[in-house]
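Note that chain A is present in both complexes that follow, paired respectively with chain B and with chain C.
So, the complex of A and B:
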């Protein structure tokens, strides 16, 4: 079959596709460098001529801004103001100055710890479940669907029961890293199980049997033979689960109070009843939040492509 | 007398004192005696309670906590509770962005009472959901929650909000009487549900109208009075049209037609016509001729509003138009006035001051109203605001109440409201009539006096169980009417159908009872106009 030509129609289509995919990213990056009076304007400011890093300072090093403005204007018992009021050169108005009292580092740290560990847990449990189902027919035809049923109802339906269970005396898992890790692993295991099962199904069972004939135990055969052969699939599944965990909002909101915070919850806090959505600050945090994913994606892209195409050709 | 005789006599005496007839042999209490005794106790307690309610303040204070001010009584109460408290930290769920009203006082409270404070920040849009989550999970994680009054009905019905009446009797926060009180009707619908107080109010969020007095003067026009730009809605529509100057990028009206925000205009305008959300039987009145006519009036105004009216909400309208000098007037909450007169903090270009130090470009007005005979009746929407609610699942409810009373007390609120990094607004009489210099600086000009006058016209949102659903039905259909996707008639018929369906689902009898309670917390002229006093359950 001859290769199809890449004509002008394809180029235009591709350009539209690219624009559609890249525009939100461009807008996010652009907004993150805009001063507050350019966040929502008509006509829109595409690229600010008054670019600023204030939004990044608010989320990463708010103390710099706080120091610049001499603290917050707050009154003592005697009616004296403890710091200067906002001045015209201030980048952050008094209305939203509360956001300068805490950075977003806690949420960045929380997102990394929780997403990494819950992804690992989900992959380990999902892999073992996938092996049991694919190789040993564990639970017959019913179990795989039973596992998947965990994803068949809206998360809000199980969010409150999670709070009740996790708040029980003796468990007290709310507002803890391990509580959220457990919850995330529980809700992503159906995905990891099914995705990994499909990769294992594509792998000839005879290879593992040959390894066992050569003296390996079942565990050894699966760990030393199966895992390396489905490495691409494992990485693709891990990235998929990681993205799910990284961007999850509902469980992070209901299961945390003060000790633990994640980026999606922190993003939703940059909203003031007086000044509305803090679009620039939210965009800055969103930009920061995609950095780890971009780095990870860059290093694993080779495996990712292999993983995504694994099983594309039916045996 | 032997020991056993003494014992018998003592037992007889006890029974006599309790008005119970002892069995002649063993002094056991019969079932009838027990019922009699308990009834006697109940009647006695009831009588004392009735007497105390009628008693002069001095007598009541003898029973209440010590202290000359609400703050002192709260501190003394908390101090007395500290040693025996099961928990030494009061955990507070507060809406994001309002930390400036609370965090500066943590150490002060701890020093005064021993109780530490834990501030749990929740996204401002999720306060209701987090509070309702606690209603189901009953974790006791929050001692205090700070939701909007709109949430009170749901929180009270779900059992998570603790009625505060007994604590208020004991500690007297001075919100219902005295020189520092919160005036009716906000005192009632801002804090009460079905006759009980569930929240201590802390944020005076009823509407006003900010307008450009300099532009009005340029046209050779004048406001109706110092605190009234116009009297009626008709005059408002006319004046806005007169001030409209599209050639100079200056818009006559800056109302909201975007989702969520638009309903407040309809609620403010329609209720001044003597038209409530529901009738006596809890049937929606959205599709009545007045309801539909009001939508048409609001659509007619769209011609003199900016193109972004369908996307801009309160803050965008303010930041991009009013504070940038591109609009004649805007309805809004107190922060509209505060920040449009704060050139430094909010990049407002209309914050000029005259030689007397008063704002020279902007003025503040009560919202317009409707003439009923000779009487001008206004209905000024009260939306958002915040309440300190004590959780029923807190192990330290009384201490939590004491903190709530302390921070919302006349002096403390005077200190906390002007703070940067918070958004609570003036609400007590002392804020309006005896403001500190700092307080006045935050709300300059005639704002405080106007806001104080306007409180008597304040009307509530649909503060019933399922409030968010009722309001959403209104919001979605009004948006459709403003966008031209539905005719005003269709939109309001759909609103009424949906609201009636919500009522049926939640239980008409219960909702009707709550609605009657809310209707009795409307401004008196409006109650009279609608005839609420003749309503029967």
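So, the complex of A and C:
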């Protein structure tokens, strides 16, 4: 289409769009640096004047916090403590005591283990299925859509039978890593299959046939020729599936209790009876958790639309 | 000693295709071999649980009864209980279920339409050339990459009574006190809060899909229409939109598939509250299954939802079925 002029109307539209897109992010980052007495104020504090990294310390290095304060009792920054402030600081230090016994590291470790392993499983299984569909037309039109149906229904509809099945005597997979890994792989495999299928479809079949003519078996041809040629696509798909697994919340919520924890679940649990919603601490963990997503997202920006549309739109 | 034969002395038997019972390299078997892992995964993790749930949903089993799940499945076959009562109660005696269905549909339609309009507007802006296009483009895409829980949590902060949304609305209204809106405690406002959150999260995807669609519109018909004196409005509706049909359907189907699952954001924002004002299908099922522990009952509701969604999505997929499969 012809390039029309970028008029003032467009500029205003773009400015509003950008403001709408960026403001919530700004607010989250800003909140993560606010000291506890600025979390809820009227009017709200936009950018804290006495910014602090305490929130990050609470979730990442609680031991540093302990040494700094010389104990659990002195969480607030100020020396002068008003009556109202005193109760608040007590509540917060109670919360700190909670977090010290349980910082975010368990959930970060859990998230990494589960996301990485389920991504690998999903990619291997999905790649094989993609080869069968793209190269051998296995199952005609039925199999691809059967696989896709794994993505169709609400995850809660499958989470209920999962809980029943996982807690059934003889299986007992609740609160275990492998249970979650299998569950994640099962719901992301439609994406990996369809996305990899779209990359394999772009590769001329003649290349593999030439390799087979030169004496490779079919398995060798697919593994030694196809894989290196769609390397970019494989990496993009893996990162995309990683994003999906990293963000998954519902299964982790209903299938884990104490042993296994992921970041989204941890995030939803930062709420203590004594001090209410832990805004700053939650914001800090939220910021930490989206760092890999944003980096990976920018890295595969070109392929994002392909992944989310199951390979229907290529760029 | 090497005998001089046409094939250079290789024993004839080695050249003959060996009649093996099973050759993993055979074109007939290799497709099955490659598809097996995914089928195994889906059978153990989707078909089997659903089969189990199908039987359990016929009974009135609850984990709190103290009996084992296998025992519950057994009663289906032994005929000890009256089967299928859950479905009867759900449809006749449970307005919450039908309300949740309707609410899910309302949220989906409303937010998809908003996303489409905003996304299309932004996409038309990005057809033009202007300063910093790449940076703005990336900035606009950011919300899409953030995980739903964080999105829900961010908007939870923004929608607080003393939060920035009320403050900015107050400024627009000309007061410095902030608007008096209980975003998350008022049924109607909470509904819109959920829609706004959803729109913020997924407009970038519409924008991205529609932009790639607009870029693929052929230039010549547009030029021809311009030369013939058609107005921009007319060109848009009669030349550009018909060309975008496939892309628009894909955008709606893909997003539709995801938005009816909406759970994470609402769970963080309102937990379906106040009352049941923002209770979508997923929230309702979650509450049934994991707060009331009526797993069998929730399972039967889940089955109804399952049938509805699969039928609906297959209907939506129909026009683009072959576009998806087509080799390009």
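As a working rule, the second predicted complex is superposed on the first by the 216 of 315 C-alpha atoms of A that agree within 3 Å, B and C clash if a C-alpha of one lies under 4 Å from a C-alpha of the other, contacts with A are read in each partner's own complex, and residues count from 1 in each chain.
In this text, contacts are C-beta pairs under 8 Å (C-beta built on N, C-alpha and C of every residue); 3 or more make two chains touch, one makes a residue touch a chain.
Since this is a predicted model, take the numbers as computed values, not measurements.
Undergrad: In the overlaid three-chain picture, which partner chain does A:147 touch, first (chain B) or second (chain C), both, or neither?
TA: second
Undergrad: Between chain B (first) and chain C (second), which, if any, makes contact with A:269: first, second, both or neither?
TA: first
Undergrad: Now for A:13: first (chain B), second (chain C), both, or neither, which partner does it touch?
TA: After superposing on A, A:13 lies in contact with chain C but is clear of chain B.
Undergrad: Touch test for A:42: chain B only (first), chain C only (second), both, or neither?
TA: After superposition on chain A, A:42 lies in contact with both partners, chain B and chain C.
Undergrad: More residues of chain A are touched by which partner: chain B or chain C?
TA: With both complexes superposed on chain A, more residues of chain A are touched by C.
Undergrad: Quick one: classify A:129 as touching chain B (first), chain C (second), both or neither.
TA: second
Undergrad: Go through the superposed model and pick first if A:160 touches only chain B, second if only chain C, both, or neither.
TA: After superposing on A, A:160 lies in contact with both chain B and chain C.
Undergrad: Is A:27 touching the first partner chain B, the second partner chain C, both, or neither of them?
TA: A:27: touches chain C, not chain B.
Undergrad: Under the stated touch criterion, which partner chain does A:257 make contact with: chain B (first), chain C (second), both, or neither?
TA: Touch partner of A:257: chain B, not chain C.
Undergrad: Find the residues of chain A that appear in the contact set with chain B and again in the contact set with chain C.
TA: The answer is residues 40-42, 160, 163-164, 167, 253-254, 268 of chain A.
Undergrad: Taking the complex as given, what residues does chain C use to touch chain A?
TA: 24-25, 27, 30-38, 41-42, 44-46, 48-50, 52-53, 56, 63, 68-70, 118, 121-122, 125, 127-130, 136, 138-151, 153-155, 157-158, 160, 162-164, 167, 176, 178, 200, 203-205, 208-209, 212-215, 217, 219, 222-223, 226, 232, 240, 247, 250-251, 254, 257, 260-261, 263-264, 267-268, 281-282, 285-286, 289-290, 295, 298-299, 302-303, 305-306, 309-310, 313-314, 317, 320-321, 323-325, 327-328
Undergrad: In the complex formed with chain A, which residues of chain B make contact?
TA: 91, 95-100, 103-104, 108, 118-126, 129-130, 133, 136-137, 139, 141, 306-308, 312-316, 319-320, 335, 339, 342-347, 384, 415-416, 418-423, 436-438
Undergrad: What does chain A use to touch chain B in their complex?
TA: Residue list for chain A touching chain B: 36-37, 40-42, 72-77, 79, 81-82, 85-88, 90, 93-101, 160, 163-164, 167, 174, 253-254, 257-258, 265, 268-277.
Undergrad: Residues of chain A touching chain C in their complex?
TA: 1-6, 10-11, 13-14, 17-18, 20-25, 27-28, 31, 40-44, 46, 121, 124-126, 128-129, 131-134, 136-139, 141, 143-147, 149-165, 167-170, 182-183, 185-186, 189, 193-194, 201-202, 217-219, 243, 246-247, 249-250, 253-254, 264, 267-268, 279, 282-283, 286, 289-290, 293-294, 296-298, 301, 304-305, 308-315
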